[in-house]
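First chain A sits with chain B, and in the next complex the same chain sits with chain C.
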Partner chain A sequence: MQLIQKYEEEMALVRGWAGWMGVALLAAALLAAPWFLRGYQLYIANIIGSKIIVAIGLNLLVGYTGQISLGHVGFVAIGAYAATHFVTAFQKAAAFQWLGGPFWVALLVGGAAAAVFGVLVGLPALRLEGPYLSIVTLGFGLAVQQLLINWPAVSGGRIGLFVPTARIGPWLLNSHQSMYFLVWTCVVLLSLVAFNLTRSHVGRAFVALRDSDIAAEVTGVNLRYYKTLAFAVSAFYAGFGGALEAYVVRYLEPTMFNLYESIYYLAMVVVGGLGTIPGSMFGATLLTLLQFGLSQAQEYLPVVYGAVVILVMTIEPLGLYGRWLKIKLWSKTWPL
Partner chain B sequence: MRLLHRSRLALGLALVVAALAALPVMAQERGITPTEIILGTTAPLSGPAAPWGATARGIEAYLQYINEQGGIHGRTIRFEIRDDGYQPPRAVANVLELVERVGVFGIVGMIGSANAAAVRDYIFQNEVIWMTPAVESDPWIGNPNIHYLFVTYPNYYQEAKILARYAVQELGKQRVAIIYQNDQYGMNGLRGVRDALAELGMAPVAEVSYELTDVDLSVHALRIGQARADAVILYATPNHGAMAAAALAQLNPRPQILSSFTLADPIMARLAGAAWDGVIVPSYFPYPGTDEKVDRVLQILVERNPELAAMAFNALAGVTFIEPMLEGFRRAGPNLTKESFVAAMESIQNWDGELLRGVTFGPGRRQGINRIFLARMEGGVPHQLTDWIEYPVEY
Partner chain C sequence: MFFWQLVVSGLSIGSLYALVSLGIVLLYRTSRVLNFAHGEMSMIATMVAYSLLTAGGVAFGPAAVLTLAVAFAAGASFYFLVLRPVKEATLLGQIITTAGFALVLSGMAVVIWGADTKVLPFPLSRAVIYNIGGVFVNQVALGSFVVALVAMLGLYLLVQKTRFGLAMRAVSQNDVAARVLGIPVRRVFAVTWGVSATLGAIAGMLLAPVTLVHPSMMFDPFLKGFAGAVLGGLDSLPGAIVGSLIIGVVENLFGGYVSTSLRTTVAFLIIIAVLLVRPEGLFGHKFMRRV
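Let's turn to the complex of A and B:
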């Protein structure tokens, strides 16, 4: 057992030699994966990475701040289309052609565009709660998809939009392997940002709002600011994840952003564990793997998917992260 | 004891190495072994477009029958079906998996323009045989990468032109309108109607679009009534087609409906009831109930998968995707390779299958069929109106 003596120790992201070993193993596994996984497995890994980013963002909103969003796919779509149009426009500008459209800026543009809409959707959230807020966000998600369908100049209509290949200078990221490194670097960076955010006064303000917004306001948390901020940050993650997914799939079409997807994102967060960053990762990984890996189950896929979600929630209401905590607790006195 | 352990390990390693070494020899031609041909498809078996998954089930049942007959040149055909829920990212994952892990010889069919568009470049770059993606023809026309693509699916644009011309020239209609789904499929229909009418010095009197999410088309029908259209061309899903027909039947005088072949399934008579009587529908293969060979195939399918009885046309359409491919296998002989298959397919000239008739491929020709015929539906029973009507070969 470890005795925590200082506040910094309590706040540390990684604790003790076991923690560092775990981090090292995870890093090694992530780095080694491209040499062990086949092309299509890497593609799925890349999709998982982009979904993890969206799930982390949604968890900041739902798990930490206690707001709800049934239209998160709207932010994902905005991010994906904004990034794609930014890169395409950039490539067309003759002066910048040698840059080939900087994808890292595009990813940030995708995130920022979504964040702007996050603020807009966050405003009604100041007055609405629970079921009412869920309907507002639901409407937002549906509206974005309908807008895309009926605005061919943006969405390419139902013909779809082809996304240019990401490139760093002369290096074209046209293999699943190179995309893997891009996607997972983003996952690591954005996870760290999220971890730090939740440990900072901002994260505490979010949690305070979730537990009781009146009590939070009394203790000096600016409700208007932090609720809107939560929506903006969450939307930024969604937009960023959407932009990444656009680069991975290299094709966009409005049906990719339907209501089902919003529900799936919410399911990832709940199954993984509300209010935990690793939970978002577990949830996004499990549910994406189920969808993509079980395509052989054919008609039974939705049944299997549903059964797994029900099973996880029944035996572990705190989600996969709850189970992980129990395993950690149990292994503290290992090997006895 | 430890020695034994080591020797076991060494033996294990040797086996692994041997297996790896054997791989390239076995994998001379992807998806072909001395006893098997492996094919695959990704289809919407769950999600909003699940009914169209019947095409994959039709292929599966027909291949089961072919295998029961002993396969082709001693090879049975394994058919791997993957569900994509009508989602492009999942369709991409499925095609990658089918090609890279399963190692399929070819991809058969594919439903949904978006899904086909998302995998198109990958399939072309990796030179995978692709049989009849059930989408519009535009992406193939003038495309230099279609060497391994073979299509026996009608062209929506050309079909729309034929329907518009028939309405004006044969039925003497003067005010032609169109109801179309606001997507790639519907837009192709709209383009065809506009162009055909323009050639006759006319224009559609109304162009009414609807969305996949619409649940009522009575307002759309009223707009047709306002335009006093005497013929309406319909590019819709089965459900919307039925809704439109029911709403149009309320108009007085009732306009003549001509619909896309995608609404040729007899299920339309059940969905729309009497409103579907008199509708003119094309087809690219003879209707079940009008042709002995087609009836026999349908019977084969239903015996192996009774659920297909309710989706006869879709299941049969699935068979039309694969039928010419099987003929290609027969012609390529026992020494099947990708190139011998392409050569065999190119030798198919004016070939009659069980369902498809008059299929022609050739060097530089990938459009296997270029004709449809029209029929009038009465009580769900088609009555043939015309002989084959040809349209240009474009790719």
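Let's turn to the complex of A and C:
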């Protein structure tokens, strides 16, 4: 039995001793993981981390604001390429040689570059809805990939683009373990930002906009501002995640950013649960693990992936997190 | 002359995009479902035709008819087996479900038929070229244009002149009212899925000589058809045809005069520009809703 007396208690991120225990356990598990996982497993964990960031961003747009994006991979690509080119240019400039490539700036540059395009894509969204918006975002994703394929100066042509190693001063982040700490620090920080965003007035404006944009406008939510903001924030997360993934994979080529990737990201959000940030984490983790788990039987990957998505949509449209909430509710009210 | 040559070949490929987009629009109009598996369904149908023609040793005519029947049955059963049980009725939920189905189909195609490129034995030849008033048209392009026109005419008769078409139009206006009036809404949906899949199968078989047969053969035509549908207005059948023809001609002109590698991008840029001026597409109805 939980009695909520104050608004602060209602809005608290972590509730009660059970919640804090859960957070402590999760933190301990995340910290201990590098000593239990082997090299390749850590690499997978890093990829999962970068996918989680993109999925959270996409969920802010799709789950919270109710705008469809079928071209999110375009933002991911912009973030990855912007960050890589920024670092490479920085390393070449003699005056900054001693700094190496400041990866944290590069990650922010990747996110910011994507956010600029997010605003641009968000502009048509002010007039379009539903399927019409989906074709615009789809076209954006395809356009980014085609431009990269046809612009060897940016994409490195047939050789592809190699990403320099991240470094903090003299310390090179060249092992999977050191990358693990970088990636998961970013995941924790950006999830906190997303959690706080969704319980602030901005998040409430997003949700109001999703539920009824006319009612939201009547109550004083500035539609233009918040729709564009949702696109910008979502694109920032995608660009940041893309830049991180570039650092993890250390290699970029345009075919990594195809339409199917966009659908995979959407699938992560939907399988995890729309409009819930823990859901995006579940979804991204599960589907990325599935992808690597099936690496032995690559040709069956799309079949299994699609079947999982259809199954989740049929059995539990609220996603994995929705199921978890139901279990929690059931256990709280148990003998009933 | 070069200009008209480009326009004519653009119309020829545009008529195939129109077949794809008619399938999408027909479905969207009737059941408000955007089918992202439409391209993959057509691809599977083409694969079936390929198997019938090569391994089965069936003549082209019967094989084509058999393929269309298979496509119809598969489309209708997809509605009953997959889409019907999905409780989530939101646009996004349906997009995700059909996209998931597209993944399953393209994966199945690779597992069953392999990822290599195959050549569908086609009765018409690209080497036979006609000169119509100074513009050169090959036999395949001419043939597919004619077949596409016949299919469009058939669809027009089905939707506008039959009792079933009347039921389809009623369902598309208000499915609850249609149910109250005794129209079997679920059956209408299932048949619509079947007709849509059949149109896709025709498009797939006609595209086979151009794109050759492989698991991602319908990727580009599907996107163009979808784009044409949006350009024309998603709830308008004539709009789908006009939109697709525009896409076909414009991308051919751009490919002929400027560059072939950015054709798709330009097609999408045009759509975005048109949608900014007319958010409901060229022939679509304005969004109106009760608050």
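Note that the second predicted complex is superposed on the first by the 330 of 336 C-alpha atoms of A that agree within 3 Å, B and C clash if a C-alpha of one lies under 4 Å from a C-alpha of the other, contacts with A are read in each partner's own complex, and residues count from 1 in each chain.
What we mean here is this: a residue touches a chain if its C-beta (ideal position, glycine included) is under 8 Å from a C-beta of that chain, and two chains touch if they have at least 3 such contacts.
Given the structure is predicted, the values throughout are model-derived calculations rather than measurements.
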Comparison of chain B and chain C by chain A residues contacted = C
Once the structures are superposed on A, label A:16 by its partner contacts, choosing first (chain B), second (chain C), both or neither.
-> neither
Based on the superposed arrangement, let me know which partner A:267 touches: chain B (first), chain C (second), both, or neither?
-> second
A:251 contacts which: chain B (first), chain C (second), both, neither?
-> first
Using the touch definition from the top, say if A:149 reaches chain B (first), chain C (second), both or neither.
-> both
First, second, both or neither for A:296, with chain B first and chain C second | first
Based on the superposed arrangement, let me know which partner A:136 touches: chain B (first), chain C (second), both, or neither?
-> second
What residues on chain A does chain C touch that chain B touches too?
-> 146, 149-150, 260, 299, 301-302
Which positions of chain A touch chain C when the two form their complex?
-> 62, 68, 70, 124, 127-132, 134-136, 138-140, 142-143, 146-147, 149-150, 212, 214-215, 259-260, 263, 266-267, 270, 274, 299-310, 313-314, 317
Show which residues of chain B lie in contact with chain A when the two form their complex.
-> 42, 45-48, 50, 53, 80-90, 92-94, 96-97, 99-101, 113-114, 117-118, 121, 182-184, 187, 211, 213
Given the complex with chain B, which residues does chain A contribute to the contact?
-> 38-40, 43-44, 47, 146, 149-150, 157-160, 162, 245, 248-251, 253, 255-256, 258, 260, 291-292, 295-299, 301-302
Enumerate the contact residues on chain C facing chain A in the complex.
-> 28, 34, 82, 85-88, 91-93, 95-97, 99-108, 110-111, 115, 219, 223, 226-227, 230, 234, 261-262, 264-265, 268-269, 271-272, 275-276, 279-281, 287, 291
